[in-house]
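My structure is below; once you've seen it, I'll send some questions.
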Amino acid sequence: MMDFGFTINKSSRIDLDRFDKAGFDKLAKIEPDVRKCIACGSCTASCSAGQFHRTSVRSAILSIQNAKENEAVELLKGCMLCGKCQMTCPRGINIRHLILSILKFYGTK
Amino acid sequence: MGILYDRLCQDFRLREGLNACINCGTCTAICPAAEFYKYDPRSIMDIVQSQDDEAIMKLLKSDTIWYCGECMSCMTRCPRKNAPGLVVMALRSLSVEMGCYMESEKGRQQYLLSKDICGNVLKYGYCVYPREFKYQAHLEAGPVWKWEEEHMDDVYERLGANLDKPGPGAERKIPQEDLDDLKRIFDVSGGTARMRAVEDAGLKKAEDLGLTEQEYAEKVYTECNEDHLNH
Amino acid sequence: MIYEGKQKIWSDYQKDIPDDHYFYVRSCIRQAFFPASEAAFLDITRNKLGRDVFETEHHTTCGGIAYHCDVIPQETSMTIIARQFALMHKYGYENFVCSCVTSFGLYCETLETWREFPELKEKIAENLLKSCNLEFAVPKVLIHSSDLIYKFRSRIAGQAKYKLVDKNTGRPLRVVEHIGCHYSKMFPSKGVGGAEYPYVLIGMIDAWGGEIIDYPERRHCCGFGFRQYFIQSNRGYSLANSNKKFESMEPYEPDMIITNCPGCSYFLDRWQYVIADTQKKTYGKNGHGIPVFTYEEVAGLVMGYDPWDLGLQTHMVGPEPVLEKIGIDYSPDAKYKGVGGKDIGCPECPACLK
Amino acid sequence: MEKNVLIIGGGPAGLEAASILQKSGYSVTLIEKTDHLGGHLAVWDRLFPKGQSAEELLYRLVDNLGPVNCLLNTDIQSINVLDRSFSVILSNGNILLADAVLLACGFDLFKAEKKEEYGYGIYDNVITNADLERYFQEGDGGRIINPKKIGFVHCVGSRDEKVGNLSCSKVCCATAVKQACEMKQRFPESEVFCFYMDLRMFGRYYEDMYLEAQKKYGIRFIRGRVSEVSEKGDKTLLVKAEDTLSSKPIMVSLDLLVLMAGIRPSASGRRVGDMLHLMNEEDGFFSTKDSIYSQQKSDIPGLFFAGAGTGPKTIPETLNDARSSALEIDRYLKSNFPKKK
């Protein structure tokens, strides 16, 4: 094999065909509110942990829906469960509970 | 606020390419660079139209503006008839004018591009000239090119070219008077000034790094930080 | 796929392509890597079709690659272009035909910008006078050389010796077309068939007996990307984009690829070699790649030109499977010979790709 | 003598205005260029936000008409403004004198094939919102056979300078959400994606509809405009957009893609408008005398508008607009032709 000095760049494209619908449905069974997010960003804006470690619930939900479950876990593992986000969520999502469920559901993988 | 934006607006490409972006993402959706670098042309449009000097300065110094391949696929789809590709070209021009490009690895590649391509244009009248297209630097051109390089006169004659000879034809010797025209065009239109500035900045950088010109060129040609790429 | 839908779009995007009297400018990449294609273009248009296609040795690069590598200002590239147009005018022509797709796009962009900003046009005319002492002019008609072959596709078919048909099965060859991005993506109305379903190459393939394949990544760029190719460490971008196209076209089992852009021809050919070497993957049958041709090469083949006169020996992906399918009479021994059969050695055969 | 009112257009606006004016004692003639009343309503199945039947609404509108003189398959051949009246020659050759005219020509759906990159009319499994309503109405599978993955593209031909329409069509967001939910009702196992730029859920109950779409039906909303659609060998579609919320290009394979074709000024309305030298706004819809206070009045005394001719409207808005027009016409006729004692 020749060393050409470069290799094929990897793609950043999100492939929704890889979305684990069955898994997500299971999560939604425990946490029906996960479907209610409107990606307004209130949670991220008010996040205490976010000042030290990139933390975003709305991005984490999006990551799961974009078949990037590991990224979701990464985005939530700095959470200190202070619950400030829950007070700002316009859709009234029980975010603390949701975070714990997501970490439990996808964290072990 | 807006000083850099005003400078960008002097570039005709910005005036043609940016007219109130609505952040819909049709450009990023099909952008070859968005797929194979960490790149999002929509965000660039958004930063430029924010007129935020600090954010624009950050762009000018970044690798980001150098990821675009200028294929202009973005222009076909934009519902606002914008051209992110043209906006990137205006950013690149300003980055070079202000010397910001020297702060990024991809930006510093301008040194070599300018040297090789402008060199070819002024010396031969072509952007690409086969005798300067070396197999050793282009292994992907394959053994066929190696063979062509070794037998260039014979191969080009066989292919009906007029390599380095007077008169019309492929790869003919372009008359000196025409090359002189090109040189004067470069002089009157800012081409020469840009070439000089880029060359000087590159050589200064080489000196700072304690490298010879050749070593520096090699570094620029081959160096690639992993951070540019998706994982 | 509903063919009539495409036909409707094709009929919406037709452009004025005059019959005769063209001022011809070459392409940096085409003449460097496919000089025989430009020779074939001139031979076909001048000698086979009896057209006046004039070339002067005084024309130069349009500066397009330098411009798109951002190493020259817009003003420099525009002045070089103004000089090309001025030469056309000086030699008494008003129809301008260029061999390069990057040039074609840049010429279109330049004319459009001049139209929109007359003050810039004035400035360039001044630059031109100062630097070259030439009179400023713009072409009446600007076309790409593939437009001209498209226009004469039926006449070429009339003179053809071969069809793009498998001589054993009678089945049309399956052809993938690839249009250079700068042909019509910037200005859809300037290209035959527009930007989404360009017809310029399909028209040729239809006329010459082949069958066109539409595949999902048809519209995607080959990945040239100017600076993304000229600097070695950026080439992963270029390679990745072509790779994406090959992966997408593979299930359709194409016999060949035809392009109208010289850069695309080069990259779609060379990246198959790199993928074969590094990924151990080939996209044709039995270790062959998918041969890539310029439209001049395809026109030449159907008209019965010798494949080696057309320069097919300089491709990395061997054209032989296509030559054999069509039943083209060729001499394997003459492949790497010089003029008059001169022995000039031959390339090492890469083990990865036939 | 009863005053004559001519209503051009037999859609919801024309029907509602006709019924009111007729009941107010005017002699009303309604002409409709096609062979049926109802306009787009007649080819729609259900209406947002609560899924009411379009057929029932149409039945009610027609039922209310009373002795209005309805002429189907009839168009305007010419129309002239006289002193305080209009002389009209109909396509059937009849001549009519009207004291007031109501233009209720409605809208045309954007021709989705103009968005070439979406492949309507080229790819087998790309359809429009109107095609889907026809399917709901007729129940004929046609191209829709148990789709597993379905996409909806908002803003097709709306907010798009490239196709010459910068404005929002107002009803497509709600229609897309309605149709997405209806598809989930029919195909509970399917995955449904909506590609939107801004979700304009401005009306009463619309936000509830959105919430239900998310929570009950699990519809995925992706903020990004579809950039390109291509057809694969098995006729499924490859759809590309940017997920702008994560700033990444996205792709998905779909079995069916529904384009939310937007609202464009009606060509036949424009034709009549040209005969009367009526002005357009930049968006192609008729200029009204005032954009807030008197939206139903034109610059010509005695000529009024109702419905989508003056810009996209929902059905309730159209009906309200028609009632306002009827009131304006009544006022106009009463003040210009006072009854002699």
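Note that the chains take the letters A, B, C and D in the order they are written out, and that residue 1 is the start of every chain.
Here, a residue touches a chain if its C-beta (ideal position, glycine included) is under 8 Å from a C-beta of that chain, and two chains touch if they have at least 3 such contacts.
In this text the structure is predicted, and so the values were computed from the model without any measurement.
Student: Which other chains touch chain B while also touching chain D?
Tutor: Chains that touch both chain B and chain D, as defined above, are A, C.
Student: Highest contact-pair count belongs to which two chains?
Tutor: Here the largest contact count links B-C.
Student: Would you mind pulling out the distance in Å between where the CA atoms of chain A average out and where those of chain B do?
Tutor: 38
Student: Express in whole angstrom the distance between the two chain centres, defined as the mean CA positions of chain A and chain C.
Tutor: The computed centroid separation for chain A versus chain C comes out at 46 Å.
Student: Which integer distance in Å separates the CA centroid of chain B from that of chain C?
Tutor: Each chain reduced to its C-alpha mean, chain B and chain C end up 22 Å apart.
Student: Give me the residue numbers in chain D that touch at least two other chains, ranges are fine.
Tutor: Residue numbers touching two or more other chains: 117, 223, 228, 243, 248-250.
Student: Residues of chain C that contact two or more other chains, please.
Tutor: Chain C, residues with two or more chain partners: 195-196, 219, 232-237, 239-240, 244, 274.
Student: Find every residue in chain B that makes contact with two or more other chains and list them.
Tutor: Within chain B, residues 30, 34-37, 76, 140, 222, 224, 229 contact more than one other chain.
Student: Which positions of chain D touch chain A when the two form their complex?
Tutor: Checking each residue of chain D against chain A gives 191, 193, 211, 214-215, 218, 220, 223, 243, 245-246, 248-253.
Student: Would you pull the chain A residues touching chain C in the complex into a rising list?
Tutor: Interface residues on the chain A side: 1-2, 4-11.
Student: Note which residues of chain A are touching chain D in the complex, please.
Tutor: Touch list, chain A to chain D: 12-17, 19, 21, 25, 28, 32-33, 35-36, 38-39, 58-59, 62-63, 65-66, 91.
Student: Touching residues of chain D toward chain C in the complex: what are they?
Tutor: The touching residues are 113, 116-117, 119-124, 228, 230-233, 238.
Student: Which part of chain C faces chain A closely enough to touch in the complex?
Tutor: 232-237, 239-240, 243-244, 274-275, 277-279
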